[in-house]
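Got a structure here, written out as C-alpha cells. Questions coming.
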Amino acid sequence: MAAAATVARRLEPITALPRRLPSPIKKFLIVSPALLWILVLVILPNVFLISYSLWKNELGSVAHVWNFHNYSELFASNVFTTLLKRTLLIALVSTTCATLIAYPLAYVVVTKFGRYKTLAAIMIIIPLWVSYLMRIFAWKIILGEHGVLNGFLESVGLISKPSTAFIYSTTTVIIALTYIAIPYVFLSAYTSLDRVPKHYYEASADCGASAWRTFRHVIWPLTRPGVAVGFAIGFVLTFGDYVTPAQVGGLSGTMLGSIVLQSFGTADNWPQGAAIGVTIIAAGLLVLALVSLFTRLEAEID
Amino acid sequence: MAAAGSVRMRRRRRESKAVKYLIVGIVGLFVIAVYIFLYAPMIITALFSVNDSKIQTLPLVGFTTKWFSALFNDEPMKQAILYSLKVAAVAVSVSACVGLAFALMIDRLRIRGKAVFQALLAAPLVAPGLVLGISLLVNFHTAKIEPGFFTIVAGHVSFITPLIMFIVLQRLKTADPTLEQASMDCGAGPLRTFWHVTLPGVRVALIAGCLLGFTLSMDEIASTFFLAGTQPTLPVYVWGLLRFGFTPEVNAAFTLIAGGSLTLIGIAGLLLFISGRRNRLPEEKKASRWRRRGAGRPSAAAEREIGPGSVAPGV
Amino acid sequence: MKTAKEESSQVSSVTSAPQAEPAALPGADGAPVVELRGVSKTYPGGDVAAVDNMDLNIQEGEFFSILGSSGSGKTTTLRMIAGFEQPTKGNVLLDGIDATGVPPYRRDVNTVFQNYALFPHMKVEANVAYPLKMAGTPKGEIKPRVAEALERVSMTGFEKRLPHQLSGGQRQRVALARALIGRPRLLLLDEPLGALDLKLRENMLLVLKHLQREVGITFIYVTHDQGEALAMSDRLAVMNGGYVEQLASPTEIYDRPATSFVAGFIGKSNLLECSCTSGDKAQAGTMPLVLGEAPGEEKFTLSIRPETIVVGEDSRGLPNHYEAVVGDVLFLGHEREVMVDCGDQRLVVRAGQQIYSPGDPIEFGWSPDKAVIVKATGSWQQQQQSQDA
C-alpha cells in the first residue's frame, strides 16, 4: 500500500505541530504594526496639533503652558471671525454648487450613458489626478485681468477695457473651489447611483411612476447618503484650502487656510496656526457628523 | 386593462414629444458644459505653454517650444523634478508594501472595529492637505525630525498607503476566496499560496494603485509645502515661481506634469479595466458572488450553502 | 469520547441495514479513510451549530455522498475533512490519525470546488501541474503526468488555454484533473455539478462514476440533488440542520426512510400522522389503516411512497383499500400525479397514463409492508442526546 504510506508520511509531522498561539494574541500581533502606523501618522499628529493649539506663543518660540488663550484670542478677534464666516460661506456655497452640478450629472451618466457610463465617470474624475496647482493656476489665466475671458469679451466687443471683476474676489474663489469639488462629489454620487439596480427603475415604472416620481421616491432616498458623503468630503476639502485663495482670491478671497499658512510661515506663531487648524478639523468633523445624522439609511442595497 | 393603458400612454406620448426633445437638448448641453468646465483650464494651460507670447491672453500668437526648452535649461527646476521623482518613487514603494499588507489584513482578519480602523487609515487621504501638513509638521517637530526628504515621504506615504489599500481591497473583495483554498488543497503552504495565487490576483490592482499614487505624489502641494525643508519638490518650486514673478515656463512645466499624470492614469485605468474583465468569468457573475459571500465570510451556518443551484430542480 | 463511542454504536444500530460493503478495503489496518468522532462546528457569531455531534466512517474506495439542503451542514462537514474549517468539538481522523488542526496543504486530500476554483492567471497545464509543483515533483515527471491527467478527463489539446476560455463543463474537467493528479487518498467534491446545466450534469455524472471506478480513490460527494446522490453513491448520509438524519445505502434510504425528513426529502412521500387503535390497526384522521407490524408507540408517522400505491381496480384486494375523490391532477409528462382527498387526508398517487379529472371518483390501496413508520424529524437525534444525558 504505497498510497497509505504516503498519507502516513504526510501526516506524521502534523501531530508534532507546535501548539498555535491563542488567537486573540496572534491577532493582536498581526494588527499591531498597523496600530503603530495609525498612531504615528494619524493619531499623534492630531494630538500634537491640539496640544500646540493649547500652548502659548512667545516671540516665535513655544511656551508649554496649557490654556485656551489662543482660542479665546481668535474668537475675540474681528479678523478671525470675519474670515471664519467667509470661509464657511465660500465652502458651503461652492460645495453646494458642486453638488447641484455633480449629482444631476451622475444621474444622467448612470441612467443614460449605458455601457459608456464608466468611461464618462472616469473622464470626470481624471482631473483629480492632474496637478492641483495647475488647475487653480489655469483659472488665473482664464479670469485674470489680461486673461482669456477678458480677451474674449474684448474681442467680441462686450467690454472696452480689461475688467478686473473676475479675479481676486470671493466669487473667483467660489468658482475655482466648485471646480475642485465637482469630481469628489461626483465620485460619491456616482458610486451610490450606480449601486441602485436597474430593475428598481423598471419596477417603479411598472408601478406607474413617472421618471420624476421614480427619482423622487426611489432613487433619491437610496442615493441621498452617497450625495451627503460627497458633500461632506467636498466641504472638508474646500474649507481647509489655502492654495486657491492664494492664487485667485486676492485680499477679499482670503480664507482661514491662508492665515494658517502665515502662522506657520512668516508670522512664526505655531500655536495660533494650530488653533486655526483644529478649528478647521472641528468644522469638518461637525459637518461629517451632521451629514451622517441626517442621512441614516434604513435599508442597504445589496 | 390593455385598452385603458394604451389610451393613457398615447395621450402622454403626444403631449411630450416636443418637451422631450427640449429636455434631451438641455440635458445634453448641461453635460457638455460640465465637461468643458472641467477640462478647459487644463487645455488652456497646455495651449499657452506653446503660445509665443509672454502675456497670457487671447488671441494666441503662434507656436513655440521655447518655454519647454527654457524649462529644460532651468537647473533648479530640473533639480526639483528629480527630487519629486525620487520622493514619489520612495513613497510609492513603501506605500505599496504597507498598503498591500493592510488590505490583506482587513480582508482576512475578523477583528472588531474594522470600520474605525479603515476610517482612521483613510483620514490622511480625505483630510485637507493643510491639516495633514501642519499636523505632521508639529508631529515631526516634536520628534525633533527636521523637515526634509523623510518628512515629505512620510507625508506622501500617509495618504498614498490608504489609496493603494482601498484599490487592492476592492479587488480582494471581488476575488474568489476558494482560489486560495484550492491552492492550499493542492499542497501549497501559506507563503507559496500568497506568491502563486494571491499576489497574481491583486497584481494589476496593485500596479494601478501605484501609478495613481505616483501621480498624486508628483502633484501634491498642500501638505508638502509644510513638510518640505530647504529643497523644494516640483510643485513647491513652481509655487515659488508663481509668487515671485511668473513666466510661461510654468505653463510648460504644468503641461509636462499633467501629460505625465494623464499617461500614468491612462495606463492605470486600462490595467484596472482589463483585470476587471479577466477576473469575471463569463457565466458566473452574480452567481459566484452569492457563493463567495457564503464561502468567504463564514458568519452564519445557514448562509454557507446558498448557491444558484441550491434550488433543486425536479424534486 | 465515551459518549461519542456510544453514539456511533447507536448510529450503526440504526443504519446497520444489509448493504453492499465496498469491495476494496485496505489490507493494512482496516482503519477507515475518514472518521469523524463527535464533530461539532459552530461558526463564530453563529449561535446554532452548523454541524452537531457528527459521527461518520468512510471506508477505502467508497463513493460516499452527503445529501442535504442549504444550511444542512453538508458543506461544513466537507470543509472540515478538507481542513478549511476546524471543528469546535470532536476529532477528524484520516487513516486513523487525528488530523484535527492540520492545515489543508498537509492533508492528502483534494477537493473539487463548486465553482472549480481554477487559477484564472494560469493556463490549463499550469493549473493541473500546480499540485505536483507544490509537492516538489521533478520537472521531467510533471509533463507526462499532466498529459495523462488531462487525457483521463478527455481534455487533451486544451493545455494552453486560460480558464476563462473554457466552457463550464471543460473547467469542471480541468478541476477534476487537478484534484486527481496528485493521486490523493481521498477526493472531496463540493456540489461539483451545481453550476452545470442538466444535460452536462448527466454527462459528468457518468464521467465521475467511471473515473472513481478507474482510479479507485475514495470519493466524498456533497450535493443537494437527491438524484445525483442516489445514482452515484455506495452509501449516503442525509443531513438536516447539522444532524445526520440517516446513513445507509441508496436503496435502504429510499425504501426505508428513517425519519419523516428523509421520506420527504428523497423522492415524494405521503406522510400520515397516525395514532394506533389496536395491534396493527391505526387511524390517520378519518382513514383507517392496516399496518405491516405493530407500531411501538401510540402516535407515529407513516410514510407511503406514491409509486407503491396501487390505483384502480387492482387495488381492490389490498388490506388498505379506499375510495376517494380526485382533487388536483398534475401532468408530469411520463405520468400523471393525482392528489386524492380521502376523508380528511390528502394523498398523492401516481395514475400512470390513466386520465382523471378533479372531482372524479378514484379507488386506490397499498399493501401494509409498503408503508414505513418514520420518526419525526430531529426527534431521533434528540432522543439520542437525552439518552446520553
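Chains: A, B and C, in written order; residue numbering restarts at 1 for each.
In this text, contacts are C-beta pairs under 8 Å (C-beta built on N, C-alpha and C of every residue); 3 or more make two chains touch, one makes a residue touch a chain.
This is a predicted model, so every value here is computed, not measured.
Visitor: Which chains, taken as a pair, are joined by the highest number of C-beta contacts?
Guide: A-B
Visitor: Identify the chain whose mean C-alpha position lies nearest to the mean of all protein C-alpha atoms shown.
Guide: B
Visitor: Going by C-alpha centroids, which chain is farthest from subunit A? Tell me that one.
Guide: Result for the farthest chain: C.
Visitor: Indicate the whole-number Å distance between the mean C-alpha point of subunit A and the mean C-alpha point of subunit C.
Guide: Taking the average C-alpha coordinate of subunit A and of subunit C, the gap between them is 56 Å.
Visitor: Could you give the separation in Å between the centres of subunit B and subunit C, each centre being the mean of its C-alpha atoms?
Guide: Roughly 49 Å, centre to centre.
Visitor: Could you state the distance in Å from the CA-based centre of subunit A to that of subunit B?
Guide: 14
Visitor: Sort out for me which residues of subunit A touch subunit B in the complex.
Guide: Per the stated touch rule, the residues are 27, 30-31, 33-34, 37-38, 40-46, 48-49, 52, 101, 104-105, 108-109, 112, 118, 122-124, 126-127, 129-135, 137-139, 141-142, 144, 146-148, 150-152, 155, 179, 182-183, 233, 236-237, 239-243, 247, 257, 260-261, 264, 270, 273-274, 277, 280-281, 284.
Visitor: How about subunit B: which of its residues touch subunit C in the complex?
Guide: Residue positions touching the partner: 110, 176, 178-179, 181-189, 192-193, 196-197, 200-201, 278-279, 281-284, 287-288, 291, 298-310, 312-315.
Visitor: How about subunit B: which of its residues touch subunit A in the complex?
Guide: By the definition above, subunit B touches subunit A via 27, 30-31, 34-35, 37-42, 44-45, 48, 55-59, 98, 101-102, 105, 109, 111, 117, 120-121, 123-124, 126-132, 134-139, 142, 154, 157-158, 161, 212, 215-216, 218-222, 225-226, 235, 238-239, 242, 250-251, 254, 257-258, 261-262, 265, 269, 273.
Visitor: Touching subunit B in the complex: which residues of subunit C?
Guide: Touch residues, subunit C against subunit B: 41-46, 48-50, 69-76, 82-85, 103-105, 109-111, 113-115, 117-121, 130-131, 134-135, 163-164, 168, 178-179, 182, 191, 194-195, 198, 224-227, 242.
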